[in-house]
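Here's the structure we're looking at; comments come further down.
Note that the chains take the letters A, B and C in the order they are written out, and that residue 1 is the start of every chain.
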């Protein structure tokens, strides 16, 4: 009896301890991954039914709330710009000279045919604010030791009820993430790789998004170059900048 | 013998004229009614064909599997050569490429920013090439509420309800946001040329129609199309032919395993139309059979009366020593001749009337103000192969059976009493 | 005139078998005219009948935000079932539907669907909802239409993953197990629709006790004004179909005319023959001092009397037959071979009292005219020749 009680107590203690650990881990990841501002060039490889497309773009972002993206190639998308302010999104297309607001249910549409929706880019709440987390194990991925974190939503208005994250134990970079439905069904898997050190922080340069229910190769997102803590003029985050 | 009887029929007008007229009228009504019912019941099929399914439709295999999603990323490419092949190999059809697409239509305010927007279902079809039958097929001209049909590139038609919802007017610019065939973002400007009434709430909500070349440009679909619709040149759906032509087309691609290989589907193999085609076929057959039955009764009665009428004549012939069996047979042969002649005349007449109603139709649009695209305008008869023989059933069989029945009396008559009867 | 009627009556009865043959044939055409016209109207009405049986019942209450043409409204169009309807729902005379938007993944393809929660014990719709009434823990029992089944390339017993977002926007997914596939001619009930048990959908969505649509059985149910719900009477829901039916009625008149010609033909032949056969009789009438008009009148009355007899005879067996048909319908099994499933469709003939009365009157008129027409020949007859039976 006594031993059982001790066992239960220690398990409780362990869980609390690991919960704290998990939050700590996530905070460190947060510090590593996010920054006051950043400018990056990236290419997105979308594997379509017929062809794979590579779309390159340059993005200016301040915090999580403001971002401005200009598409550089291919020719058809060149000059298209996208502005996100809080939870609003505008797209400018040079061929039509129009600024169009994407709102409501349009946000659930796929972004340029990728496995990402506009909405996926819009949720800018801190992960520790909306999820309770705990460490549930460890695993080695590509020779890197990782903690496996299980995140369970603590607020109800969240897209994914549970998540699993594999965090590099040394670099505090997520190497894999899985998103689950309330029923526990796996919905999406993100794989992060090519972790480089930039301005003193570890940063994954390649991310692969995959909707696991759908066939296909998923969408690759590759950072070509990234700079942190730059001075970005405020006027970039205005609708007027879209037309320039 | 036959020649003799035939001469008799021709010379004795009372023996031939009336029965033939009656049989002919009966057969004419049967043929006409059948053609009319087939046309009447097939009306919904034709509306569907013109609007969405074609009599046959060519698309890629994957597109066909996902037709509900309007997946233009699975469109057919290289269609100019495919269209050439189709024209050459399947000349029985008129081929019309169409692109269906979904998207968002956005109307700008003075500063070029979003004033209003709404989800749209779009159709790209040949409106500008000249000689295109698409506007006629969809009754576009008559369904116009305001404005005109597009006559230059970059123009678009909106459903009237949609234009009101977006608060846009003729001549104004709207922007279509959709995806290209490759999944990229498609943003394209159009000028509103006119507005349409479809007469079906779902379509009136948010439908747009533009020339296919404009849509190709907007959706990056050079030399591609979502679907190629084929229409029988006589304008009527023929399920058996559509099925066999589709099989013929598909056989030539059977060895290709590519998901983008083209496939041809008959109207009855698309969506719920198969059930409908079968139902319409079944019901028109049943209804025609009932009518044929009724008509047979009438003609049978006529044959019966015709036989009874010749009571006296038969008596004289028997009295003259003609054999009973001979009299009976000759009467039956006569009735066969009457049946054939009547049926031929009747079928010709019935077909002519049916043809008139098939070509010109009966206009029923007077009941509504304006005209909606999906509402039938004219009801047409529809001549199908059975019309060429269907009348012979009541025409010959019923007449002959009637005569046979009335002729039985011949055997009951006794020669001894004949003269007595004739005196009366 | 009275004499003519009396005489005509005697002549007809006297002619025995021949008269009855004509009367029977004519009475058949009466019944068949009305019935076929009814069947054709029934065909036009079919869309409406099917809608009633499969989709709209006697009328509906919609949640005010619900818009069937805009799936994006579905996430906001639900609220608790109003207490006013409790007793009707308990009696089974009203059924709630909960509707949610979702996605289905057949063989890795992706397709948007409407998930409809329906009471497995319902009896308003012809949907085989009782097939949902099974206890299953690892999958959601569901029924789908044959078109949907074909799209999904799925059959009974197959499992497919569906994904949806609950009322908070959280993704959820589960497998459905297809327990039945039905065939229906109303595409809105079939295409893109997945039916699962109502309570299951309510708990999946976190919307216990809520609904999007309430359908009642009887179109005469008194309307209740409930805040947050819009009443949609049957005539509003079928307005589009009604419009179409109205249009097609004109086309029906051609059919009606052809059917009337059938009756005309039946009597025309008889009349011509009887005038030919009864020359001596005609001659006798004239010799007896009948004016020619009176003789023509007699024959016309005789012809019309056929129609009267036929109408009476038709009433004897036709009315019960027509009434039974309207109730039981005419069922034709159709082999919908494109999905290898046979379906039966029942056509309910539609005829009004007006149709019956006007048909009787029209046939009477037509017969009279048709009888009069050949009788005019009588007027041209030379009585002596007629007496001798010499006219050809």
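Just so we're on the same page, contacts are C-beta pairs under 8 Å (C-beta built on N, C-alpha and C of every residue); 3 or more make two chains touch, one makes a residue touch a chain.
The shown structure was predicted, so the numbers you read here are calculated from the model rather than taken from an experiment.
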Quiz item: Does the chain-touch network form a line, ring, star, complete graph or other?
Solution: complete
Quiz item: Most remote chain relative to chain B, going by C-alpha centroids?
Solution: A
Practice problem: Determine which two chains are connected by the greatest number of contacting C-beta pairs. | Solution: B-C
Practice problem: Compute the distance, rounded to whole Å, between the mean C-alpha positions of chain B and chain C. | Solution: 22
Self-check item: Inter-chain centre distance, chain A versus chain C - centres from mean C-alpha coordinates, in Å
Solution: 58
Quiz item: Centre to centre, by mean C-alpha position, how many angstrom separate chain A and chain B?
Solution: 57
Quiz prompt | Touching two or more other chains - residues of chain C | solution = 72, 109-110
Self-check item: chain A to chain C touching residues, read off their complex
Solution: 104-105, 153, 156-161, 179, 181-183, 185, 187, 213-216
Exercise. Could you pull out which chain B residues touch chain C in their complex?
Key: 13-14, 18, 22, 25-26, 29, 32-33, 36-37, 40-41, 43, 65-69, 119, 199-202, 205, 268-269, 271-272, 274-276, 278-279, 282-283, 286-287, 290-291, 294-295, 297-298, 301-302, 304-306, 308-309, 357, 362, 364-368, 375-376, 379
Quiz item: Where on chain A does chain B make contact in their complex?
Solution: 46, 48-51, 53, 55, 74, 76-77, 80, 91, 93, 95-101, 106, 110, 112-114, 239
Quiz item: Which residues, counting only chain C, touch chain A once they are in their complex?
Solution: 72, 105, 107-110, 161, 163, 165-166, 168-174
Quiz prompt | Complex contact set, residues of chain B against chain A | solution = 62, 73-74, 104, 106, 108, 112-114, 117, 175, 177, 179-185, 187-189, 220, 259-260
